[in-house]
Amino acid sequence: MSGPPAPRAPLLEVHDLTVNFTGYDGVARAVDGVDLAVADGETVGLVGESGCGKSVTALAILRLIEPPGHIAHGSSVRLEGRDLLALGAKEIRAVRGNHVALVFQEPLSALNPVLKIGDQIAEAIRAHEAVSRSTARWRAVEMLTAVGIADAERRAASYPHQLSGGMRQRVLLAMALACRPKLLLADEPTTALDVTIQAEILELLDGLQQKLGMAVLLITHNLGIVAERTRRVYVMYAGQIVEEATTAQLFAQPAHPYTEGLLAAVPRLDERRERLRAIPGQVPPAYAWPAGCRFHPRCPHAWEKCAAEAPPLLEVAPGHKARCWLVEEPMRRKK
Amino acid sequence: MLRFAARRLAFAVVSVAAVVVITFLLVHAAPGTPMLGTAERTVASPETIARQRALFGIDRPLPEQFLRYTGNLLRGELGESFVLHRPVADVLREAVPRTLLLGGTALVVSLLLGLAIGALQAARHHSRTDALLGAATLVLYSVPVFWLGLILVLVFGERLHWLPVSGMTSAGLGEGLSPLGRALDVARHLVLPAASLALVQAAAFARFQRSALVESLGAEYIRAARAKGLPERTVLLKHALRGALAPTITLAGLSVPYFLAGSVLVESIFGWPGLGRVAYDAIFARDYNVITATALVSGVLVAAGNLLADVAVAAVDPRVRLDR
Amino acid sequence: MSPWRAAARRFRRNRPAVLGAVLVAALALAALGAPLLAPDPLAQPDPVRLQDRPPSAAHLLGTDPYSRDVLSRTLNGARVSLLVGVGAALLAVTLGTGVGLAAGLAGRRTDEVLMRGVDVALALPRIVLLLAVFAVWDQAPASAVVALIAATGWFQASRIVRAAVLSLREADFVSAARALGATKPAIVRRHLLPHVAAPVIVSASLDVGNIILLEAGLSYLGLGVRPPTPTWGNMIMDGKDVLFSAPWVALAPGCALVLTVVAFNLAGDGLRDAFDPRMAA
């Protein structure tokens, strides 16, 4: 894949999304002016360390933020042109699980422990479609088979704690895809699983996506998954998008020092090293973002401008943007 | 499920046995002269006391007394009341149903009231309603049940004359009333004593249910349920409440001791002729056999309460059934 | 910031909790100073004329059927309630911690046996046992009340401690300490106890209120600490006979009870929230 992606009608357009949390220590801007877009059928990655705001972004898209958090005025989340943030309660519920579905990180805690899994899938169907209980149950069993669970009919009557981690994740997928959504927000879909199961789940997701013609926003901190499965990537740090590019561009020529750091931190087999290359310092707490460029305290190339002025997203190449002054002044890059 | 119930039943039997043994030992081991009321004790001569003791077999060695007692128990013989000069079994047979009526009503009312208040608080948590209700339940929870009974008597009985404050039935009316009329009469007498018992325990349930529900509502699967597009009412009732129900049922089962203790106090205040009254009088008269028998019955009731609660929880929460 | 400091900070920010703590302190002061503050609670200066007098300048809360000043008896009653409440709670928690530690650190067999015993004990009706004992024990001193209430109430604490010990036993920092050669008692003292302390403290402080009500119930029935020593429970017992004619006799100690228990519950809730903050609750 090379060159800029052909322009497609955006399915999801997030503009200037800001989510604030009011707490004892002040107001935390967990998500600060985030713009992103996902086109029909596209797989887009959202990468970042824990605490950068990527999960909150996903929740905000479906308006699942609860007090003490709230979505700031001026944010907009458009699905096929409709602003989800302006919808009434009934209307947003019609979107959730139906047009846009969310797969959670921890399958054991995302499933209700006292209800049978078949029940939990069926209720998702009945929430959006006027079908009888038996039809919903039958479709739930179908979904379980579609996600690769053997003996689905019997399994539908089990409880979450009776299944293995991998199976639970499949159940979450089944629940999310039951109503054939156009967009799937997958929050760390494989983090809680063993490596071998991870691969299976991702294959499954791929296959289902092809079949349903679904777009996927893949939220993860795992660069390996991003490299294999996504077409475009957004990199998030401290509540902001710091780089956006096609996957090929990002891995070939990262423009933001943070992205460089992330890529360099991945240990390689063809390299002899004594120590892992870590990004020095820590992610700052959300109620105290540094002034200027938020990454500057940890950046090897930072100079005075970085501490004084916060950079906007600057264009590196068509379809490739980075939030860094180095884009304008590449000579400042230290060797 | 059956095996689970059977295991719990066996456990309940062991508990009751333990109650019998411990009560027996405690009652016999505590210093003081049993079975003679305070007044009699001060005037009775040592010989009279000795004779009384021999008469009722209290001067025998402890193991022998215990064996005799257990033997009698197994045969259904609970001994005789020193004070009332009636078989203890008869006394209990009259008194226990009355206490079950009072305690049972109070338990049901307090559970429903507590669940409702707790759920309301959780649904509106951190709002002014929540704060007000929270303060009210805190105060109610801190009130001694016997004092509440007295206050109710003072307000409703003396000042307002709305409800009867004594006895289970109105004197002198018994014959002329239809069964329905009699039932209504008992019901009127039931209100105040049941209210005293129920209000304090309702506050306890409300506090507990509120925190259980708030925690349940914060669970990830609640968020997942909302993400599926389920209506809020379904989220609350089907998902949140089910999760919070199990601990509340357990609490209800564990509240049986409080209702029993409360009934000792409340029945004496309101003159309700139940097990509590019997126990109260027996305590003051040092009526050995009645005290032990009362302890036994209480032990059985408590064990039954725990057993029912355990089984109910297992019915609601499938994770419990598979443990151990 | 150490977890203790963080907890203290959270407690300070919690207004109701601070109110509870302040009230408890005030009550403790009142109880300690009662003999000095109040006129002699046992005195009957004028047996007939002063019987059942309503509140007045000389007797702020009136007098009781035995011509004693209600205010001073109420203040003195605080001593018994606080002594029994705090004393029994501390004793119970100590017993519970001991058993919980033993069960958590011992081998499987001992643990099973101990915990079965606790399960059975938890099923016993505490009130009934206490009633049975004190019914036949006429002159029980306050220490006996404390001891018996504690003896019938340590089971929950042992469960909590055992659970904490079991979860910490396999924790990495314990293995690390063992690998460094620490002895078992040292591990218990320096590593386990501090972790176990928080839930134990919370359990104890929430217990105090219940124990105070329990003791009041016992003395209302004329058991436990007997008259003429004033306890709030036996004052209410005196007051119930003159409830309509002299309501203040029963009202004063009752209000004192409610106030005290509310104070301990507020403080206890505050401690629980301080040690285990969860945004919502």
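Chains here go by letter, A, B and C, matching the order in which they are written, and residues are numbered from 1 within each.
Quick note on the criterion: a residue touches a chain if its C-beta (ideal position, glycine included) is under 8 Å from a C-beta of that chain, and two chains touch if they have at least 3 such contacts.
In this text, all values refer to a predicted model and were calculated from it rather than measured experimentally.
**Q** Ranked by contacting C-beta pairs, which pair of chains comes out on top?
**A** Highest contact count belongs to chains B-C.
**Q** Tell me which chain's centre, taken as the mean of its C-alpha atoms, is farthest from subunit B.
**A** If we average the C-alpha coordinates per chain, A ends up farthest from subunit B.
**Q** So the centre of each chain is just the mean of its C-alpha atoms; given that, what is the distance between subunit A and subunit B in Å?
**A** About 54 Å separates the centre of subunit A from that of subunit B.
**Q** Roughly how many whole angstrom separate the Cα centroids of subunit B and subunit C?
**A** Measuring from centre to centre gives 22 Å for this pair.
**Q** When you check subunit C against every other chain, which residues touch at least two of them?
**A** In subunit C, the residues touching two or more other chains are 279.
**Q** Check each residue of subunit B and list the ones that touch at least two other chains.
**A** Each of 126 in subunit B touches at least two other chains.
**Q** Two-or-more-chain contact residues of subunit A, please, as numbers and ranges.
**A** Nothing qualifies.
**Q** Of all residues in subunit A, which touch subunit B in the complex?
**A** For subunit A paired with subunit B, touching residues are 59, 62, 64, 67, 89, 93-98, 101-102, 104, 106, 109-115, 123-124, 127-128, 159, 161, 175.
**Q** Taking the complex as given, what residues does subunit C use to touch subunit B?
**A** 119-121, 123-129, 131-139, 209, 213, 216-217, 220-223, 233, 236, 239-240, 243-244, 247, 250, 254, 257-258, 261-262, 265-266, 278-281
**Q** Touching subunit C in the complex: which residues of subunit B?
**A** 11-12, 14-15, 18-19, 22-23, 26-27, 30-34, 38, 125-126, 138-139, 141-147, 150-151, 153-154, 158, 211, 214-215, 217-218, 256-258, 260-261, 264-265, 269, 279-280, 282-284, 286, 288, 291-292, 294-295, 298-299, 302-303, 306
**Q** What part of subunit B is in contact with subunit A in the complex they form?
**A** So the residues of subunit B in touch with subunit A come to 126, 219-221, 223-232, 234, 238-239, 242-243, 246, 316-319.
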